[in-house]
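Structures incoming, each one as structure tokens.
Note that chain A is present in both complexes that follow, paired respectively with chain B and with chain C.
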Partner chain A sequence: MTRLKAGGPAIAKQGILVAFIVFMIAFSLMSDRFLSADNIMSVFRQSAIIGVMAIGVTIVVIGGNLDLSVGSMLSFATVLVVDLHDKIGPELAIPVMVLATLCLGAINGFLIGILRLNSLIVTLGMLSAIQGLVLIYSGGQNVDIVDQRGTWFAIFGRGAVFGIATPIIIFGALALIFHVIMTTMPFGRRVHAVGGNPTASVFSGIPRSRVVFMTYLISALCVAIAAIILGSRVMGSQNNVGQGYELQVLAAVILGGTSLLGGSGSILRTVLGVLMLAFIQNGLILMGQPYYTQWLVTWAVIIVAVWLDVAAKRGRLFSPIA
Partner chain B sequence: MRHLFQNPVLRWLMRNPIWGFVLIVFIFFSLSSDHFFDARNFQNILVQTSTIGLIALGMTLVMINGNIDLSVGATLALAAAFAVDVQSWAMFATWGNWQILPAVCLALLVGIAMGAINGFIVWKTGVDAFIVTLGAMLGIRGLVFVYTGEQSFYAMNFAYSDFSAFSVGPLPVLALIFLLCVLAVHWLLSRTVHGRNTYAVGGNREAAVNAGIRVGPHMMINFMIIGFLAALSGVLLSTQMGAATPNLGRDYELWVITAVVLGGTKLTGGKGDIIGTLGGVLAIGILRNGMNLMQVPAFYVYVILGSILIAVLFLDKRFNTSTDGGLRL
Partner chain C sequence: MTRTKKILLASCGTIALAGAASADTVRIGITQNNVGIDSYQTTYEQAFIAAAEANPNVEVIVLDAGGDVARQISQMQDLIQQRVDAIIIWPTDGQALVPAVRNAHREGIPVVVTNSNIAEAGMDFIAAFSGPNNIQQGIYSAEMMCEALGGEGQIVQITGMPGYTTAIERQKGFDDRLAELCPGVTQMDIQPGDWNRERAQRTMETFLTRFDQIDGVYSGDDNMGVGALNAALAAGRAEGMVFIGATNFAVGYDAMARGEYWGSVYQSPVDDARAALQTALDVLAGEDVPKLNYFDTPKITQDNMHEFDRPVF
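Let's turn to the complex of A and B:
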């Protein structure tokens, strides 16, 4: 069975969905707590922060670039909003933090979109530089909110609307909004075009620089929103809270089938990737496994998922390279 | 003015701008810090550089191939854990100081095996190395935690933790091992068929296949080399600390890639060399050491390194217009 039908059978194209269902069935057989409404809700809530960031990164990747700076940027935004909360109040802290984070996104966008520098290296440099900024700003100290009960800021991470936790509502709403933007609006088509074939997109009159710039602004905006959820949930922040998030986010995006080559991908499938990683983590813990076994399973799942995807596209299971 | 550019030293610096940068920071810190220009400090810099430097040598090969390896930090931690733990296995209890030998050999073999797994997957599945090694970064870190059970290991044999204190003449033994590896990999890359193939595969994979190079096994060998070097780096780091912690080597992949890119190796493959990479790791080593001596808080080093990385990329784009800076994944 090394030769698959060209284009692949329909089931191979939905590899992530199939894997998702298989995992859900397996876990629900092995743990009777797994499929309870409580558990599912708590998994949704836990995945909201990575999920919101993954939405932004998906759009950047569809545009043909990478963003490794989201982890440091999350540290930056969370420390800023938590620190400013007690100094100038939440109603000012949130807009100031969002603006500052958008500035970082604009720097990324300027260097990558306008100056056309390599996105992997630029965002790697930004990862380091922003981490330094956070440490300089906080003086290496952790920050926290003193009056945790009396502030309305708590609603974003700890509150609930109609019995549904606010992080889930924010995550779901953002996913829907950006899914609609990416699939039905001109901006979405432009991002796909720029990622799929940059040269052709320029010839068809698409402002490539501006589109790439916008994708990084969106990514920064998503990070800022994730920081509001995180800061409000924890009511404090370590200055390296987002360390390593960039690669977890990227893993979820890849698992969702978004091509690192750019030009193809979908927000809803990224949501599926995020949820899948969260359910694997949750299911293994419910089965009594230590938390680090999820990394081993993630390793296998990422490679098999992308392998099936690649195999379906080329019509054969193994690479033709000698 | 024109005859200035005929000067071979200046022309060499034009081709290797990172060494110009190394020279500038070297002179700057020599003038501005009392403790920088000192033989003991140079030994320190070489030892501090060796950890990142060893991995950077392997990363140069892999990146010239047009691949990348994000799993090196985890491989380093796994090898360090093996090197420290295996010594205390009961079966080697009567071996005296010789118990270090099987421990180190096993640690290096584990590194090679991790590289082989990455390389084999890249070869057989055709999935991009970035994705394969991103998965391996998580997975191998998981193996470290499974193996160590979240505990740190301490070397009970003092011969092991004393090893890093030895010197050969003026050179600390860790620096000597690093410099020998620099020479060996430089020779491999510039004087052997494997080295020529490395450039060929990265420059134009299609053409390399047509020229009869077995691209898959070739890439796998380079992944095994970087696995070996990451493991060696882990062993040497654990001799310095006399211990292995499960979180050892976190974020090292980012430092290593920074050093290699500073040294002029292209992410697109086909271009780069060991001399540049040595300059890249020395630049980072001297900057960190010098700023430390001048009592600049470590926080600023992150900002400065990030800015330098982006500045180098910008200057490279400006002055080397012939090369394509695009990402090829």
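Let's turn to the complex of A and C:
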């Protein structure tokens, strides 16, 4: 039962934090704008969309599954909320979109949680199925909000409260809420248990099917919230706007040290992973590097961070069984 | 050729009559890149079908590869099997489709490439290419940028998806022409926006942090251009900044009407589709068709935008 224990030596969990700090110092030495308040706020705001999605995916992954459908689910939700905005108004468009997106999450949850199908296959299939759904719905047309200046819908992506951009507040609040749920509440412990050892969890009386189902509902909810931010920020949507986001989200989750085998992971460290990826993209452009360096550096940083993380856990840099 | 159709043709008038005497109905197969993925391709398909229906001498088989190279190769094989008179292809991949185009050529079926050209190696096997001239579009954008800035200033560029022919050609046309025409304008950096408005907005936000003075922004299409504009508006720095795009989108058109967006290049999917069909018909009629056929994609600015319809995408 050690895997279920929340504690452990404090330093053993901080590999990603160390990597993050080292990396931030290195970048700030190379560009004097990097650590300016404006830039930090800007990157926080940019990372909110990927970040909100990553919260949901972290919970799915801790539960021992994957969710690759979040990218096209984001396209679906954004196209829907933007399209409905002008048709039925934002106060109705938002709940309708959230419900529709939750339905997609419920399909994932039913197939994986209740029918126990492989999550990689199901969500990979959903990735293209939902993209097809988007194309059928929109008929291939881009959607745009006509009155971009007058709508209160702008608050979610473009607004600010007490000088802090709304996307940052939403991202921060969701991260805190789900962090508390995952670390202190029975549901959080159940997700860890189901992901860590599914068989044992069933024998312990945990309703495994229902827990997995819930993780996919949460993931869909997070996508719906990300879609509100995205739609409000852009005030329009392409059909494939979320294409490729699933991999960025997964990269952030992995960078945050969440085990793809399930059973362990942390929302707050996913947040660090999200921020680190966003700062890499931002920092390299600030330094005037060509775009392809971003891909190389992102990959290298993930490898180094995962390595440091593993090394911190086992207390040495190289495997003892070399 | 059925009797009823001939009667129908005859009743259509003198023009149709002239053709009906010699030519039977021609069957043209088209395999498109990825209909439905964006408004341009969706409108293209509708316009193509409409143009074909308007011509009683033409029967079309309309296929879509869904962005899948393998599926497009088998669609090419199917069309060859069906012995169509001509094939129009919008390549999903200019390089990978060369062998399929060569097969059609060997079977004596003329191939017209539409919108995005096939790789150099395939040029000997095609009857003609019909589409926009993306290098010319880049040149137009450079000329507009130069004019808007009065020959002096510092600009940034946001390109399309790295590796896409359209993105590469527009950038090349722009870079070369700007350097030649406007040595007083410096390009401070070029970064991709991946044809994605949100991504372009992020790139622009970073540019705004990095550069205190940005006089102009060139984007590979208006969708990204509006993303850049959004970023500048949010930072309160859009005033006096010149935004030039390409492929005029409805959002770009509207921003132009508000005076926030300077100019773009007008590329109509309807013209694109009609030009492709016409090129194929010219080839079949035995006319001397040039290898490269470009339809007109004019400059559109705040000054002349009233001459153009608002784009449908």
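What we mean here is this: the second predicted complex is superposed on the first by the 292 of 322 C-alpha atoms of A that agree within 3 Å, B and C clash if a C-alpha of one lies under 4 Å from a C-alpha of the other, contacts with A are read in each partner's own complex, and residues count from 1 in each chain.
Keep this in mind: a contact is a pair of C-beta atoms (placed from the backbone, for glycine too) under 8 Å apart; a residue touches a chain by one contact, two chains touch by 3 or more.
The structure displayed is predicted, hence computed values, not measured ones.
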Chain C versus chain B on the shared chain A, clash or fit after superposition: clash
Partner chain in contact with A:Arg158 - chain B first, chain C second, else both or neither: second
Which superposed partner A:Val122 touches (first chain B, second chain C, both, neither): first
Touched partner set for A:Ser232, first chain B, second chain C, both or neither: neither
First, second, both or neither for A:Leu250, with chain B first and chain C second: first
Touched partner set for A:Leu66, first chain B, second chain C, both or neither: first
Partner chain in contact with A:Gly140 - chain B first, chain C second, else both or neither: both
Partner chain in contact with A:Asn282 - chain B first, chain C second, else both or neither: second
First, second, both or neither for A:Tyr292, with chain B first and chain C second: both
Contacts of A:Asn39 with chain B and chain C, given as first, second, both or neither: second
Residue contacts on chain A - larger count, chain B or chain C: B
Those residues of chain A which chain B touches in one complex and chain C touches in the other: 135, 140, 292
Residues of chain A that touch chain C when the two form their complex: 31, 33, 36, 38-39, 42, 46, 49, 135, 139-142, 144, 158, 230, 233-236, 238-241, 281-282, 285-286, 288, 291-292
List of chain A residues in touch with chain B within their complex: 64-66, 111, 115-122, 124-133, 135-136, 140, 243-244, 247, 250-251, 254, 260-261, 290, 292-296, 298-300, 302-303, 306-307, 310-311, 314, 318-322
Complex contact set, residues of chain C against chain A: 35-39, 41-42, 162, 189, 191-192, 195-198, 201-203, 205-207, 209-210, 223, 226-227, 230, 234, 249-251, 312-313
Of chain B, residues touching chain A in the complex: 70, 121, 123-128, 130-132, 134-143, 145-146, 150, 209, 214-216, 250-251, 254, 257-258, 261, 267, 297-310, 313-314, 317, 325-327, 329
